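For reference, the structures are reproduced in the following blocks.
Both complexes below contain subunit A, partnered by subunit B and then by subunit C.
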Partner chain A sequence: MAFNPLFLTNLLPRIEWTALRDAAAELGLATLPETKPEITLHRQQSRRQQQQPPSSESEMEETDETTPPLLPMDTTSSNTILDPKDEQVLRDLHRLLLETQVVEGKMVCGNCGFEYRIKEGIANFLLPSHLV
Partner chain B sequence: MLDYLVRFAQTHESFRLPELQALASLHHVRLQIIHYSEYFPFAVVRLPDGGSIANVASRAILVQSVYELWGEGRDYESLHASVKSIAVKEIPKYRYTSFKFTFDSFQGSKTSATQCQLIESFSWLDFRGVISMKAAEQSFVIFEEYPSLDNPADTTHKARKFGEIPTKLYLGRLVGLGSRDLINKYSLKKRSYLSTTSMDAEMSLVMANMIHARPGSLIFDPFVGTGSLTISCAHFGAAVFGSDIDPRALRGKNGLGLKSNFQQYETSDQDLGSFTSDLVNTPLRGWSGPSATGNSTHCCEWLDGIVCDPPYGVREGLKTLGHRNDPDRKIHYSADGQALHLHSDYIAPKKPYSFVTILNDLLSFAAAVLVPDGRLSFWMPTADDVEETLPIPTHGKLELIAVCVQPFGKWSRRLITYRKRHSESCPSSPQVSGTYEAMDDTKAVDAEGLESLTATMPAGTQADDLNPFRKRYFEGFRPRTTKQPDKPELSSNS
Partner chain C sequence: MLPTPETPGLPDSIYPPSEDSYLLLDALSDPIQISFLTERLKNTTCPLVADLGTGSGVILALVLAHAKLLLGRSDVLGLGVDINRDACFYSRNTVLANCKEHGSQATYLTTINSSLLAGLRPRQIDLLIFNPPYVPTPDVPTAMTPEAGPFQGKLAAHDRDSHLLSLSYSGGKDGLEVTNKLLEDLPNCLSQRGIAYVLLCKANKVEEIIKRILAWPKSEDTEWKAEVVRSSGKQAGWERLVILRIWRS
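Our next item is the complex of A and B:
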């Protein structure tokens, strides 16, 4: 997947950070900061005014304050402003979440120890009948 | 401000307005329907707060094109009068641009000589630009609506000969196009990896619109199969992933599989992959974590959309994990004493499952993981002739937005779409009035609806007992003489 800051900033608040760090560490990929960073994506002013009608613009501005940012229709990486430090975090996240795949292996349940196999990049979460 | 004329495709009538409204809300545009009839492809809409109808319609599958409405009338005399009063300020804007006039007649037609004559009658508009049929900057269309033969309420066609005199006329200036060309691009006929249950391109693209698939959003299909639905969502820029109880569908064979479908449409970037899982025992869940307000029981919601076509047991069996005849849940061992489930090629047993129950599971899942305003859209089959039609499932955290029906003769399927409510407006108080206007007949019934649904939950272990629709399907939807819904009287044939 191409680096997509919009997707990553939308995803960031939804990530269970400790779990992701632990999983990354187990795979030997420990590049994530200890606490979850807060990154917001700013759209370039000029473009925004060109593309959005005034009424919906004011609506989006308001909701941006309180709720997770609304997903704009026309934002691509080309017209967003991103702090270089934030960009590095997003690039690390991109590498871990979108460019890292376990092709063969297993996941072990931290609770009961059941092993879920991964074959050809497809994890198998089916349980035997005595466990369902 | 002028109203707009929407030129729909005359197909999938009950999906047309819900799709347009879903796209209006995606673009944060308020859309009012001024005039609409399922018997005609022409609708008049208004954007009271402004906004661009061209943007709204640009990805609509059931819209051919949209027009600025310059006038309407019962006959040409009143159409001219209407244009003179409504569009008088617009006319000078296009005085020197290249232009063309064309006809769009529905259920009738005129000879080209007559059409020319009628176009000439608009010469008073005094357009002085070049007339260009191929590369006009402005395209004007005269719409003629002839009496509908399908509409039982319309008796005017009996008095007039078919297709002779139009009953409604419009003049419009083209401002935008829909996306009907995508139906051809994503046609199943050209797709390399398919199964018997692949969803046709038109409907799966409409579903992507219903759930607001868009750049930056995350969409999941729990019955992904060959990926027909997630492929449509990926087209609109969403990141997608799916699961299926059958890993064979995900892997495919001979190099063709779910992945190769995304490669075919060059949307592999949007494909986050897939895993083998049963919705009933899904590993996906909402997680509890610290919230901004310091409330420690805050549940994190993380999916923007769920889209699926659950198996209803006709072409694809409806199964869940477990053993049909194993109430004790024993561990099974092979002859050498090793537990079977530890073998690397172990295949977990599956048993038939009830369609009603799986819908309940689906709604609970969606309620737990969808972000506020996130959407769920899925198909539900129903036999047209039976009283025991499944009720539309409801959930306190999900607001019913649209029910669209696609008829197939003796049965039909319904596309049902919900929107996740904001947490402050749910779930303890069931009587929530959302900001969206739910369709009149589909006001959510919440707690009551859930109860009635539970009451009709079928019991048993055979597919026929669990799934009344499947049973009726294989009975050929034959009318019943007596009401004995639980006796499989035709089981000897099946």
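Our next item is the complex of A and C:
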């Protein structure tokens, strides 16, 4: 799966940051910043112009017509201007969230200590009948 | 009409795609639902689709493989939830094969082995799809846990399969025990923009359910709505299966 900064940025609001940060550290995978970063992507100049309805012929010519405009929902394009620090965080997230799978392991409940097993990549949240 | 995802070599323990599954597929491919969902899900955060009782995975596979067409965007996350572990494995293959076949960029997370919404964070689901066990039965069967189930190691393969299969259709009293449990959790699990499509059968007291939902407490200036968006199998004037859309408006 290709690195996609826009997709990852749109994913950020969903992430329970502390939990992910702890899990990544426990697995020795990545050191994420302490707090969830606020990342804004900037479209390249030519694209921004292309997004607005062209007011004249000359403006049309200035835009790069070989690639489609970058729409908020269009995650296919990765042609965005990104702060290098933000890019590192997004690359770490890409590796963690999209390229890493727990195949065998367990999740331990922070409250009661119950262990939820992951086997062959499938997490089991079913409680044994005596605990239901 | 989008092609129904195929289910080669479906094990006996998993509910095969049937009239109810097709009705849901039909509803989700309806242009009216497509524009409704596209409009509701257009704001930045990637939408999360959860298919409860994923079974063979045909519904989740269709939605994810055609996310761009059906939901208006391709950066969609898909999660399956099934109480039957066999279905967790099988649906994974169905979804991944279909996404690959159709070159979809949607992200399939996994199918977790769980009962309804246990283990999920509240207010996360943007599109919830539920084809519940709706057949009225004396009881709802118990889940089969790998470590400590009452049936572990005692059932022959055939009994094991029929027990797992029975989880997919046995709805308890009025066929509503499992659906009611889900409905209770719905306000807590749906995001503010979230929409649920729940399949019911005529024996499930549809009108009563709608009335109940409309009376749920308001939140953030929105009221609950529930509407039958699809029905099928008219028998002697009675609609046998219906699909209820539930959302805040």
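Heads up, the rule we're going with is that the second predicted complex is superposed on the first by the 101 of 132 C-alpha atoms of A that agree within 3 Å, B and C clash if a C-alpha of one lies under 4 Å from a C-alpha of the other, contacts with A are read in each partner's own complex, and residues count from 1 in each chain.
Definition applied: a residue touches a chain if its C-beta (ideal position, glycine included) is under 8 Å from a C-beta of that chain, and two chains touch if they have at least 3 such contacts.
This is a predicted model, so every value here is computed, not measured.
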item: First, second, both or neither for A:L29, with subunit B first and subunit C second; value: neither
item: Partner chain in contact with A:N10 - subunit B first, subunit C second, else both or neither; value: both
item: Subunit C versus subunit B, contacts on subunit A by residue; value: B
item: Partner chain in contact with A:L20 - subunit B first, subunit C second, else both or neither; value: neither
item: First, second, both or neither for A:P128, with subunit B first and subunit C second; value: both
item: Doubly contacted subunit A residues - partners subunit C and subunit B; value: 4, 6-7, 10-11, 13-14, 16, 73, 75-76, 98, 116-117, 120-130, 132
item: Touching residues on subunit A, where the partner in the complex is subunit C; value: 4, 6-7, 10-11, 13-14, 16, 72-76, 98, 116-117, 119-130, 132
item: Touching residues (chain side subunit B, partner subunit A) in the complex; value: 26-29, 49-52, 55, 214-218, 239, 243, 245, 247, 250-251, 268-278, 280-283, 287, 289, 300-302, 304, 320-323, 326, 329-332, 340-341, 344, 346-349, 371-372
item: Contacting residues of subunit A [partner subunit B, same complex]; value: 1-2, 4, 6-7, 10-11, 13-16, 19, 53-56, 59-60, 67-68, 70-71, 73, 75-76, 98, 101, 116-117, 120-132
item: Contact set on subunit C toward subunit A in their complex; value: 42, 44-46, 48, 72-75, 77, 83, 85, 88-89, 92, 105, 107, 110-115, 118-119, 121, 124, 142-143, 145-150
